[in-house]
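Just so it is clear, A, B, C, D, E and F label the chains in written order, and each chain counts residues from 1 on its own.
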Amino acid sequence: MFYHVKDLQFNARVSKPDPAFATLLLEQFGGANGELAAALRYFAQAFGARNPYPDKYDMLMDIATEEFSHLEIVGATIQMLLTGINGDLKNAAENSEIMQLLDGKASKENMIHKGMIAPQFLVGSAGSPCYTNSQGVPWTAAYINSDGQGDLTSDLRSDIAAETRAKMVYEYLLQFTDDPYVKETLNFLMTREVAHFQMFEAALESINPSFPPGILQSDPRYSNLYFNFSNGNDYRGPWNEGTSTQFGEDIQFITDPIRYSLETNGLLNQQADGTDRTNESVREMDKELSELRSKEIKTASKMENMHWNSSTDT
Amino acid sequence: MFYHVKDLQFNARVSKPDPAFATLLLEQFGGANGELAAALRYFAQAFGARNPYPDKYDMLMDIATEEFSHLEIVGATIQMLLTGINGDLKNAAENSEIMQLLDGKASKENMIHKGMIAPQFLVGSAGSPCYTNSQGVPWTAAYINSDGQGDLTSDLRSDIAAETRAKMVYEYLLQFTDDPYVKETLNFLMTREVAHFQMFEAALESINPSFPPGILQSDPRYSNLYFNFSNGNDYRGPWNEGTSTQFGEDIQFITDPIRYSLETNGLLNQQADGTDRTNESVREMDKELSELRSKEIKTASKMENMHWNSSTDT
Amino acid sequence: MFYHVKDLQFNARVSKPDPAFATLLLEQFGGANGELAAALRYFAQAFGARNPYPDKYDMLMDIATEEFSHLEIVGATIQMLLTGINGDLKNAAENSEIMQLLDGKASKENMIHKGMIAPQFLVGSAGSPCYTNSQGVPWTAAYINSDGQGDLTSDLRSDIAAETRAKMVYEYLLQFTDDPYVKETLNFLMTREVAHFQMFEAALESINPSFPPGILQSDPRYSNLYFNFSNGNDYRGPWNEGTSTQFGEDIQFITDPIRYSLETNGLLNQQADGTDRTNESVREMDKELSELRSKEIKTASKMENMHWNSSTDT
Amino acid sequence: MFYHVKDLQFNARVSKPDPAFATLLLEQFGGANGELAAALRYFAQAFGARNPYPDKYDMLMDIATEEFSHLEIVGATIQMLLTGINGDLKNAAENSEIMQLLDGKASKENMIHKGMIAPQFLVGSAGSPCYTNSQGVPWTAAYINSDGQGDLTSDLRSDIAAETRAKMVYEYLLQFTDDPYVKETLNFLMTREVAHFQMFEAALESINPSFPPGILQSDPRYSNLYFNFSNGNDYRGPWNEGTSTQFGEDIQFITDPIRYSLETNGLLNQQADGTDRTNESVREMDKELSELRSKEIKTASKMENMHWNSSTDT
Amino acid sequence: MFYHVKDLQFNARVSKPDPAFATLLLEQFGGANGELAAALRYFAQAFGARNPYPDKYDMLMDIATEEFSHLEIVGATIQMLLTGINGDLKNAAENSEIMQLLDGKASKENMIHKGMIAPQFLVGSAGSPCYTNSQGVPWTAAYINSDGQGDLTSDLRSDIAAETRAKMVYEYLLQFTDDPYVKETLNFLMTREVAHFQMFEAALESINPSFPPGILQSDPRYSNLYFNFSNGNDYRGPWNEGTSTQFGEDIQFITDPIRYSLETNGLLNQQADGTDRTNESVREMDKELSELRSKEIKTASKMENMHWNSSTDT
Amino acid sequence: MFYHVKDLQFNARVSKPDPAFATLLLEQFGGANGELAAALRYFAQAFGARNPYPDKYDMLMDIATEEFSHLEIVGATIQMLLTGINGDLKNAAENSEIMQLLDGKASKENMIHKGMIAPQFLVGSAGSPCYTNSQGVPWTAAYINSDGQGDLTSDLRSDIAAETRAKMVYEYLLQFTDDPYVKETLNFLMTREVAHFQMFEAALESINPSFPPGILQSDPRYSNLYFNFSNGNDYRGPWNEGTSTQFGEDIQFITDPIRYSLETNGLLNQQADGTDRTNESVREMDKELSELRSKEIKTASKMENMHWNSSTDT
């Protein structure tokens, strides 16, 4: 259950209205890499973790809740950046002021950068944040639904990447305002993404094994092949020569993938090479991990008369 | 800032897994009238209300927070209804059990109703809730962005309608489960929509005037016309005869709207009839309300060095 | 069946082209609260009402048809506001004129406000309206599908809220044009939303009982609780003290909802307080209304050899 | 302006309820190739045609209006196919009947095909049509916005293709019902798509020239090249040998497009071959057509004090 | 299987950065009528054609592959038009340069046209193309999924229309740049749409019969009716008088469709007129074509032990 | 430029039709974590990398091209799994066979699992793949647009997470078929995700520094704080005690975040603790990296007369 305190986690401040920057800042309110996406991503992932992995559940809910608090910080900042619009719109019988703004003739010209203020602030939300990105595209759960797959070895990797992206958006946003108050808030929020990144990384490292993600191992015949599908100006690097990062297999560089596929009957005749892993060792590992993980999960949940609250446990 | 307590507001329970009903219940998790929609709707509306109308802000945040807690209740229920799926999927090396489920031959046949379990529970979230409706459509802010218009006389009406719709979905859902534990939870959640309805109604009634919504009055020439645009089997009722509900104007029934429009030069020649309101009285009211509302809002916010937290106020 | 007359219901006029305002006006053509949304909302609701409630069906189709006519008025106005663009684009071999417009050097500078004309008017529809909002987001039925729930006590409330929102958008739009012709049209359209609001309200009042919406009553243990979930700067008002608006129950203010939930075993131990309603009276009412409404509907439709046209009735 | 008559254009009938087929039939109500898409496509295209091409405007509005009438026929059929659901849902206090349906134990088993009825009919619209396709995806204007490009030589071709697709959907639907009444209606609707196809074709043929669509001619160096980009099991046919259908140019078959691009400096060195068209003749034609079409459009519209209704013309 | 060569099919060049035009050009990268839509449309259609119609499969894959190459050309052009943005953003510690750009004070003012650069280039992709249209709407398969219907007589017509629309977008885009290099590339791409149009047309003509699309003929009672549904300023033309384009039936003009429908019992009493086609001839043709087409398809595919590669055929 | 060879990279085979599994397999054709998403993600990221980091560009295009080839493998498998549907649909005059399938009475009952075949295969694509996920949701670039941010230290992390998710989907899919041929193909495709994961990891490791992603360092006052926002059943682990994974800072556990925020004036009074990093060291690093990265990028691109093809370089 959630609880709310009216003060923000971070005391967000704004020097003066700036609707153009408010428009850009929507990217962190209702954008693909924004705070709503973050909060809802971790919140959804937490449900499946609760019984079998209560420590990870705790972490996911700690961070999800913080992200809701960050969503509020971003929304409050946008609201302050839009100060003045709603009051002007309520003065509906006398529209000269806003017309002046839009004509760019008045002294408030600098307040609304011409052409960069989202129309939704004018005829939609009338000076308040709404759940769109900086271009007006409504937030969609398509951004995040695929990040919850019921397996922490995958979910945490999606989370590390998500924190990475959120950090980048703050880095870019910081370059489009020179309000020191706003910069101070963005700097805090950007830093928290860096902090969360490391938390998720630590949690991932505490799971063993965690590669490959999930249960099933990979086929040793295909796991170390590099297909040189893009021709011309070819480069070699640790991704297509030497040994692979996790399995330490010898990478097989296939110079002409089309010829190779045709000659191996569409790779059906491919044999494992440059690896100690075998079909048998893979099956063994598959079974072992299947037992381990399914047992962890099944023993943590009963199949009837379930309840959620711990206070009912006894 | 938000805070989270691991126990649910309502102690949700489930008798036994039922993935088919979990699929339907997604309607309240990631559907158009679901709890996510509700929580985010009120949360967004609250920002603009904070300075000028702190009492309504308090109510909106009280209810928004409760809705987040309800979202968690729905998610927890779905998770319990899906118990068993994730553990089975982790047993990836041995897939006979799930194949049996799908072939309908095993004793678990009744657990997964054939054809009604969402594919996303099998190959997407693997037995956890995700933000879609009961048909797999990802949640979109298009459901709610238009409900926040920066004016409480409109926002609260949208909220009353939204609570209405959410109540209906629970009423329908109650007819598709016979698990007494689940019914108990749905009954609680349905009742809260009824409670919220009355709160929003009380808040709306405390604003004067609140009709028409917003500032601008309506044109007395057109406000009491009823156009009989659908022909055949015509009916008369209080919506097209007698006096209008709010203005008490005499309703003018236009039997043949096409002829009427053509004869009045596309209504340009229309004169007000059956009303005491005049063009002048309307302009008067427009100005009066413009001053009142814009002043309420403008005086509540300063235009520079803004901050959000009350602890900084002194 | 529909019929079309080439003249508009209202004789829309435009003083001179204004592509920037045409962009904003898209909000009423293909926006969430626009005329397309309105027309299709009522049209869909009408199907279910036809047999059991032919008077409400008549009203819904009267208004749906008027909204289609309003959609045409908005489209015609946008088309007139964009006059000149298509002709210029057809002069494809000689692009100097448009380049001048965009460079802001020509005398037509005021015609296209820099940066506010939707790109879709230039490289998409080439100077005609299309079904997007003012930011280019394509119209989606996600805006309205949830407003049709097969129950007039809910549908009409959604309609009242929808008319409210549409009115607001016209109020805001009126502040961004000073073309007296366009204002005249917007004023007419805004007024009609106010008129429709009252019609839907009258129709809702003619249904008894209509609260709570639908059939099922609410649980007296939970219907009058107010949870003070947002902490700090708390306010009391008619929404959280006194009696509730519809049931007249004594509102129970729960100061510390977290403690309260934990102490009541997640509200499972909650007893009804401050209300005369009981579990028994609720069940009674549930049954009574179930019989009433299902009978109204079932007796109005036969289950075989159905047809729609009244001319076939005999 | 629109007008509505309560009888349908075609007297749609239904033998008995069939919710599973109602689900499939949604494809023609709210699907990509359905009647809503058709009606709104032609309606939007009509605006731009009104002044310069009033004959085509008349045709577009005739057909758009008919498509709205078809949308109503499809909706009425879905409503009749769903008869019984709403009445059952209103019997909310007693849910045994529906539970029996879903359990497949009752005699109504054949009414709801297991697993094929859309959840939206149960917990969303409660037995009425809504604007989704047969899988529950909400209708989006993304289906049609790109079909209106402000040029009849392109719009009419999009319309011909759209009628083609709508015809196919009816053809497929006809194979999933054996209700003779429903087949009769689908047969009518399918036939009308064939009729409209020929109308659009006739209208396109009445425009000269109409190829290439729009104004600008194509570059003779690139218009008759065929790049054999997919290798293996190559075929020759009238699309890559002989003369091209419209220009009658000799098709140049490029066997090895990669080598060819590299050797011609990315086609910059390409010379026209197998064609009489030259750079000069193309420029000539560009200018001629630019003048013709832009003049047609510009002379048909005045740039100030515009109005739409013909009754105001004098 | 695909293969990639790092040089472009056409040697795209750019004179100098122009982010505003890059924004418009997104219409061809991630817009409804853009190259991604084209490539994926033909690619999907090809699967079903492979066995029964290998010549059409070859053509579809030749063109699909060319469209992927065109997508790359458009992306490369956008990338070049955005040169400078990413490098500036990387200079994150020193944001003066970009601020100057946005304030319009610096000498680079002409590089970013005020208000017309997509925010996604600044805070999203940071100076690279992404899959949106010119207004930031993410590309959706809703644009094209309906164009693949498993029947070449419909798919090819959709393709002809799609090439038409893509041509138009290039024609419009050409009017918003005066960079001769960019014009040169757009001219090439526009011409290829014209070339593809003719290829699809030739392929369609090689199928007999191809009208009506699909298998089922149309009902002679309804195929030649023209309903004059839009009243006032009526026009006659080859689409509503004379003979129909494909069937050569005498068009029946129905002046007053509402009266006509009412008088014919909703067209149920309609008799075929002005046509030689009869119910019997239609059924005959239906059967004949059913046999022909289903046999073509069924004999081309075996129902077990299927494989795709031709190298396995022996 | 792309090239296509008609044989698949992997010789996909199918034992017998299975439309139900084809429906699930759509998740890898048009789903959020499917092959289309993968191919287009890397393809878009490659544009920005081309000039400054040609080795990474080479890798991105190699893998993007392989993913297009995988998309084709998945599409071919779906097509084979749907064998029979299109031929049946073409037999349109005689619909008994399909009706039998749907009624479940015929011997082909096992071919179409009741209720699990996507309607789009029946009335949409008619037995061919289309770009939706397993629930019919059209593919949207919203899945991937946010993964391209113009910085390899972020893009590669998104790619690692994306390969993780794609691997999981194959793992789940493998549990819903027992066709050994299909399993063989899925096993290959799953393995390639594991291989790509390691390639992206190797590429990321070759960039120094790569943490934090992008340019700007993080604020030492906030980078090592852990807020215990979710209360009850708290856990400690390496993510909230000890040292952080990348910076090695001492993690500061904040037991009561609300009190802490209130007492530190919304963290404005927070001092760095448990870290050697200072405001100065951070600024220093910001500047250094800004210079490094912006120089890398700026020197790699000229600002005028740009071209893409290497053949033009000399």
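The rule is simple: contacts are C-beta pairs under 8 Å (C-beta built on N, C-alpha and C of every residue); 3 or more make two chains touch, one makes a residue touch a chain.
The model shown is predicted, which means the values in this text are computed figures rather than measured ones.
**Student:** Among the other chains, which touch subunit A and subunit C together?
**Tutor:** Neighbours common to subunit A and subunit C are B, E.
**Student:** So which chain is the furthest away from subunit E, centre to centre on CA atoms?
**Tutor:** Farthest from subunit E by mean C-alpha position: B.
**Student:** Counting a repeat as over half of the contact pairs in common, which of B-C, A-C or E-F repeats A-F?
**Tutor:** Repeat interface, by the over-half criterion: B-C.
**Student:** Validating interface symmetry: for the copies subunit C and subunit D, is the fraction of residue numbers used by both over half? Same or different.
**Tutor:** same
**Student:** Once you find the CA centre of subunit C and the CA centre of subunit E, what distance in Å lies between them?
**Tutor:** 33
**Student:** Could you tell me the distance, in whole angstrom, between the mean C-alpha positions of subunit D and subunit E?
**Tutor:** Measuring from centre to centre gives 12 Å for this pair.
**Student:** From the mean C-alpha coordinate of subunit A to that of subunit D, what's the distance rounded to whole Å?
**Tutor:** About 37 Å separates the centre of subunit A from that of subunit D.
**Student:** Can you list the subunit B residues in contact with two or more other chains?
**Tutor:** If we look for residues of subunit B contacting two or more partner chains, we find 1-9, 11-12, 31, 58, 61-62, 64-65, 69, 89, 92, 114-116, 120, 124, 126, 132, 135-138, 140, 142, 145-146, 149, 151, 168-169, 171, 174, 214-216, 229-230, 232-233, 257-258, 261-262, 265-266, 309-312.
**Student:** Touching pairs of chains, which are they?
**Tutor:** A-B, A-C, A-E, A-F, B-C, B-D, B-F, C-D, C-E, D-E, D-F, E-F
**Student:** Given the complex with subunit A, which residues does subunit B contribute to the contact?
**Tutor:** 1-9, 11-17, 30, 36, 40, 43-45, 47-48, 50, 58, 61-62, 64-65, 68-69, 72, 75-76, 78-80, 83-84, 86-94, 120, 124-132, 138-142, 144-146, 148-151, 181, 214-216, 283, 286-287, 289-291, 293-294, 296-298, 301-312
**Student:** In the complex of these two chains, what residues of subunit E are touching subunit A?
**Tutor:** Contacts found on subunit E: 1-7, 89, 92, 95, 98-99, 102, 114-116, 118-120, 122-124, 126, 132, 135-138, 309, 311-312.
**Student:** Which positions of subunit E touch subunit C when the two form their complex?
**Tutor:** Residue positions touching the partner: 23-24, 27, 31, 113-116, 133-137, 168-169, 171-176, 178, 229-233, 257-258, 261-262, 265-266.
**Student:** State the interface residues of subunit E toward subunit D in the complex, per the touch definition above.
**Tutor:** Spelled out, the residues of subunit E in touch with subunit D are 5, 7-12, 31-33, 54-55, 58-59, 61-66, 69, 137, 140, 142-143, 145-147, 149, 151, 153-154, 157-158, 160-162, 164-165, 167-169, 171, 174, 187-188, 190-192, 194-195, 197-203, 205-206, 212-216, 218-219, 221-230, 232-240, 244-247, 257-258, 261-262, 265-268, 310.
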